[in-house]
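Below you'll find a set of structures to go through.
Heads up, the next two complexes both have chain A, just with different partners, chain B and then chain C.
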Partner chain A sequence: MARQAYPLPRDLHPAAWWAWALGLAVAASRTTNPWLLLTIVAVAGYVVVARRSDAPWALSFRLYLWLGALIVITRVVFRIVFGGAEGSTVLFTLPEIPLPEVAAGIRLLGAVSAESVLAGLYDGLRLATMVVCLGAANALANPKRLLRSMPSALYEVGAAVVVALSFFPQLSESLVRVRRARRLRGDVGKGVRAPRSLVIPVLEDALDRSLQLAASMDSRGYGRAGGLDRRTRATTGTLLVAGLVGMCVGVYATLDTLTPRYLAAPMLVVGLVLAGTGFVIAGRRVQRTRYRPDHWHAAEVAVAACGLAVASVLVAVGEGASAATLVPAVVSATWPPLTWAPLLGVLIGTLPAWVSPPPRPTHVSADADRMPAGAIA
Partner chain B sequence: MIELSQVSFWYDGASDATLCDVDLSIGEGELVVVTGRTGAGKSTLLGALNGLVPHFTGGHLEGTVHIDGAVTSANPPRELAHLVGVVGQDPLAGFVTDVVEDELAYGMEQLGLEPQAMRRRVEETLDLLGIADLRRRSLRTLSGGQQQRVAIGSVLTMHPPVLVLDEPTSALDPTAAEDVLATLSRLVTDLGTTVVLAEHRLERVVPFADRMFFVDGRGSVNDGAPADVLANSPVAPPLIELGRYAGWDPLPLSVRDARRHAVGLRGRLSTAPRPVARARATGEPLLRASDVVVRYGTAVAVRKVDLEVHPGSVVALMGRNGSGKSSLLWALQGSGPRHGGEVSVDKKDPKSLSRGAARTLIGLVPQTASDLLYLESVAAECAAADAEAWAPVGTCRALLEELAPDVADGRHPRDLSEGQKLSLVLAIQLTAGPRVLLLDEPTRGLDYAAKTALAGIIGALRQQRRAVVVATHDVELVAAVADDAVVMSDGEVVANGAARDVLGGSPAFAPQTAKVLGPDWLTVDQVRQALS
Partner chain C sequence: MNVRLRRLCGALAVAALVFLPVLAAASVSSIDDDQGTPGYCTDGSGVTVVVDASALDGPVIVRCAPDGDAGSGLEALKDAGFQIEGTQRFGEGFICRIENQPSATQRLELDGDDGYRESCLDTPPTAASWSYWHADDGGSWEYSQYGASTATVTPGGFEGWAFSLNQPTGSPASPGVAPVRPDVGPPEDRGSDTGPAGGGAGSGGGTGGGASSGGRAGNDDARDLPPPRPRASAGPTSAPTSAPTSAPTADVTVTGGEDQPDLDAASVSDSNPAAPIAAGAAVIVLGVLGAVAARRRRVQRSA
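The block that comes next holds the complex of A and B.
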């Protein structure tokens, strides 16, 4: 079989993109080094630009960048307002506002040191980078498609989440529409009655739409019992709920060291087994099928592995001897250090821009099957 | 295929039955049009066909509805999904996924079809409806007509023998509506699908109908051939009215039939005085707009549009969905964005005034008029409107009394019919006493009687020397009320002139009377006047 020169355009399995982005986010959570954090943002941005489609949700990445900037600014402003005097390099001094005895320990304004501003900046940057990573996943893979690839036993829950997800854009849409319409009734946008005059039409609209959607889903067969009898449904339901409760208790006990140990691993295992059985029984009986399910190929493995690699390199460096390079000191204002190992680790994250196939265009042009003129010449 | 026997239905708490002892039978491959006034029970009848009534709506149903052997009382709608495909009024509200292809597959996934079969049916349906190039598009970015066709496709993939549609063309421009109806008639003739559809605007649907149900609002359903039902129905398109006036028998259902009958009538009209076009107003226009630009990002919604409206004149704004009509109206009123050009009403720019002052100059009734209503009773809305406009107490109520005398003070605005809601919003906007009134798609959801009432209101506003601009798809309304017509396309004005010149000559915009009698005659009223 002849090797293909390049991968055919196709949409990657959404889970692969989410694994990659979560890997970057985990890496970001491990460091406050601004060089590394900015590199992670750059890596995420580069891959998004290289591999996003032209669907509306792919354009949301810019919003996440703005949100990140807002987070950094808020963080720094908070540092300045609430006592920014740790450290010796005082940048400037604002008039301090004296507070009553009750609020002892809180300082408003006053001297602002470079160190505390830096600490705020690093901290904000870390959170912002994690948000940008999630934004990248959102732009590359429609979260609704991710929900569609859930195990078939969870289909109904997934559908409910999908509907809830589309509810919010609709709500903001009708809010904009109603607010615009309210202006037509004159300057009633102020005063006590204003929120009420907005909320009531918006909620009515939302309720109407939900009812219409429910009617539409019902008449298109959502929740058909098929041949499933009541008892099997009850059994699988009980198994699933018991399993999930068991898993929750187990996870809590594992993380919280004060809980008795016999609640930790055993509970987790029992929960997993129960839920697994429920999944299998439910999945076997499910009458539903899936249209063009996403498959897991080599490119997906590679993309997910890149995310995992980034995360593990940073975790390993953090556990190792040179952990200090990940968390630069802010006791005195110095340039944060940068070493090769974590930097190269983060750069692994750019590989998906080459190893993944380009996305399929959403606009199918009418003459797509006509050969371009250049191909003949 | 469908059998209703002795069906009666009451909504919870209602004293009168919405449907009363209805016996109907619909055969395979029939196209049935359900008609009747707003609120008469058309949607209830449609809902009963797949069990949404009473399983989803509540209420009490007596009698039995059989669909292909299955009884709706024993099966909830989801178990009938493979038998009856239902398309609601607002296609966007019924979409579950967000890409065309997934939406088409959704129903089949619920039925548990084999992936191979699903793939094949999706392709077939894309071709059948002519939407193959939209397959990967996001549903929200489609135009109204495209959305409606995707909604039809999304139930067709389940291969249901029965298709039920609630007002499939009410929000569409004339061309898109023709497309949807052509698709439906193709399903009936090629696949033998049984189609039941409810519609207010009968003028386009009637030629396709095999039978017609007239729901009279008192519970009974009149079943018959379209010509027989329409002969004594109070709801009738202009073609039927013309036929009734001229005494043609059988009544013509299509323009073609009518033209054959009309030879004699055309002869009589050739000697009759032509309807006089009212002299185009000259002098100082009340509303003057020049070079208006509205942009959304890189998309230009309105591209350098000029418009002049004189006092006492009615201008109709037409054009396909998304051609920039609404954006232009909002920009003229001053509440919407305007990125260039000038607007003056009475030499003042509404954008530079406060919102309260602007609405005393120029008022707008938006497409979803109910967005303006937020109180619990008609009386409270009227009182609030008086306060907002600094008008004497009772002004709004008095206006409403003129527009719609039958609206009680204590009613909740939400429970009013579409026509009554529109009257209430009109009254609220007129309370401020604007010299110019802009109406955006006011005929949506109105039946013929409510539309006649609206035409009367617009006529009265003209008498008061106010100026009215109506954006609408409804050519019959334009023919009845407009002096001038402006056609927009892609944000630009492509035609601007006397309504008779713009409408009469155009195949898409000509009203039925003009199609039958020639471009001079736009309405049946004109014919009546000329011959009396």
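The block that comes next holds the complex of A and C.
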């Protein structure tokens, strides 16, 4: 191998990948400009191809791409079915289904205009891009190491979070395994019955492995209250959950411009304070040591900073003079306009493909993968 | 050839096919001169559409949709020549901008949120949105009980759109122009009212059926419009005979909206034509790089 000099192959801290991917997702939530959204998808896809490991969860990115395509198609089809006659460029006319007076305001089929299709395309592309960004994080970050690097106070909720986060990657891995097994038996899997014979083993496999993960986490003390009495447990639990809910509301209100402002920063601060108090109280009593903790090196800082930079450039452009180009009006079917600043900002997101260390080679990580799902702590 | 690369090329081809018809479409001007006529309708068959953006320091535009049987309020708004924009999420089911008001860069002094800016991604807040009104000729404005795409217009009547900013919930501002068609007599009488006898005759009046023949008279159109009547009533419930104590409309300047900037032209003017090409190139370059990297990985693994 030629590129062995520097950086040495190692797995990046999973939180760094999540920070990068969430930065891209925030950027995508700020725009419906298809140029920017397609660039974000390309950026995420390239970094995944360049830096993913051969671990099972790293195979799930393709599924997220399909999911994104499904979202876009659904949005466009909905625009066509329910009143697609906005704008003047009529592409084709379908027979309109007349509806009774009660359903006034709903129109089925009829003329389909380019503007409606484009509006559905942009809208769907925005959601699809955000889904693809999360898929990139799932493909790049090791969910088991993410759980390990959680603060010990979060162990009680952490198990549930990680089971939820790793369900989709496990589903995709099950899909790959079941398909391979069927192909080895000579079952090509064509026809109407193919999906049914695929779905049941996949779901069963994913459920089995989730239970196995839960059992192995339980045996290692996750979700255990230890020697805490009921009252302390209730206090910390309430503080943590209230804090997390407050942070969720605060983050949502900060990102969504329609929500009243008093829900944004104040809720975020209140949530942080509550969660912090819960952390301190819970962390004082939970005593666990960590074997080989993940470190936060320069590469991690650089990767997380790239995500932050992408998000902040897009937010800044959205507040600036050329905000209209981020949400192009589909008044008439024209090429959506674009300026340089947001495009260059999004392209910052490709830097992790070079500044992060390459993943560990296959033969090393393959051994780790074959360990039971409980090899987390 | 690599499978992934081939798939990418296929996806690009599909994208090109989707976007190609887009290229062919010509850009429209803001107020569409082919649609509707400036000023009030002159006979009982058209629908007069009033768009009041004075809450945004914008113009009050009065135009006529000549065909009163056009159907919905939304169609009348379009037929009168207004350029509208719905929200990204719901399309034209929710009117977000009319004639680029409020624009994407305009700061609105919203109560509790100074510096709010309308991106039209989602439904606008109640405190800064367009309200939709109906009125019969000589009647009073009534807040519409239906959405613009559902409400049917009355020939000879009025359709009103007023931007309410910081109005209390449930009582948005009605348009600041009374829904009264000016008495327009036969064309020869009207010449004495307005200054320029010959040239101006075409714009404000004309015959309603004459389509757009008089609509392009030029900059003088705004001056030629008959002056608006004072507002007859403040709200939908009060009697039309109430004295116009509040908001006399003598100082309201009504235009036909000819000098409104075009929405597409406005958004294109601050964009760079090379940037979309660069974006497309970046997508292709990243796709090819990704395909090469994936191929190299596959070769390494099988070796």
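To be clear about the criterion, the second predicted complex is superposed on the first by the 234 of 377 C-alpha atoms of A that agree within 3 Å, B and C clash if a C-alpha of one lies under 4 Å from a C-alpha of the other, contacts with A are read in each partner's own complex, and residues count from 1 in each chain.
By definition in this document, a contact is a pair of C-beta atoms (placed from the backbone, for glycine too) under 8 Å apart; a residue touches a chain by one contact, two chains touch by 3 or more.
These numbers were taken from a predicted model, which means no experiment stands behind them.
Contact with chain C, but none with chain B, is seen for A:G318 once the two complexes are overlaid on the shared chain. Within the superposed three-chain model, A:A298 lies out of touch with both chain B and chain C [touch as defined at top]. Applying the stated contact rule after C-alpha superposition, one finds that A:A329 touches chain C and leaves chain B untouched. In the superposition on chain A, A:A181 makes contact with chain B only, not with chain C.
Residue contacts after overlaying the shared chain place A:T89 against chain C, while chain B stays out of touching range. Once chain A of one complex is fitted onto chain A of the other, the partner contacts of A:I200 are limited to chain B, with no touch recorded for chain C. Using the contact criterion defined above for the overlaid structures, shared-chain residue A:L347 touches chain C, although it does not reach chain B.
When the two complexes are superposed on chain A, the residues of chain A that touch both chain B and chain C are 362. Across the complex, chain A meets chain C through its residues 32, 35-36, 38-39, 42-43, 45-46, 49-50, 54, 79, 83, 86, 88-89, 91, 104-105, 114, 116-119, 121-123, 126, 256-258, 260-262, 318-319, 321-340, 343, 347, 350, 362.
Taken together, the chain A residues at the contact with chain B in this complex read 55-56, 142, 144, 148, 159, 162-163, 166, 177-178, 180-189, 196-198, 200-201, 204, 208-209, 212-226, 286-293, 360-366. Interface residues of chain C facing chain A in the complex, by the touch rule stated above, are 18-19, 21-23, 25, 27-28, 83-86, 88-89, 91-93, 97, 103-105, 112-113, 116-117, 119-125, 146-147, 149-150, 263-264, 266-268, 270-272, 275-276, 278-280, 282-283, 286-287, 289-290, 293-294, 297, 301. Interface residues of chain B facing chain A in the complex, by the touch rule stated above, are 50, 52, 55-56, 76-82, 84-86, 88-90, 93-99, 101-102, 105-115, 118-119, 122, 132-138, 140-141, 154-155, 158, 330, 333, 335-336, 354-356, 359, 363-364, 366, 368, 370-374, 385, 388-389, 414, 428-429, 432.
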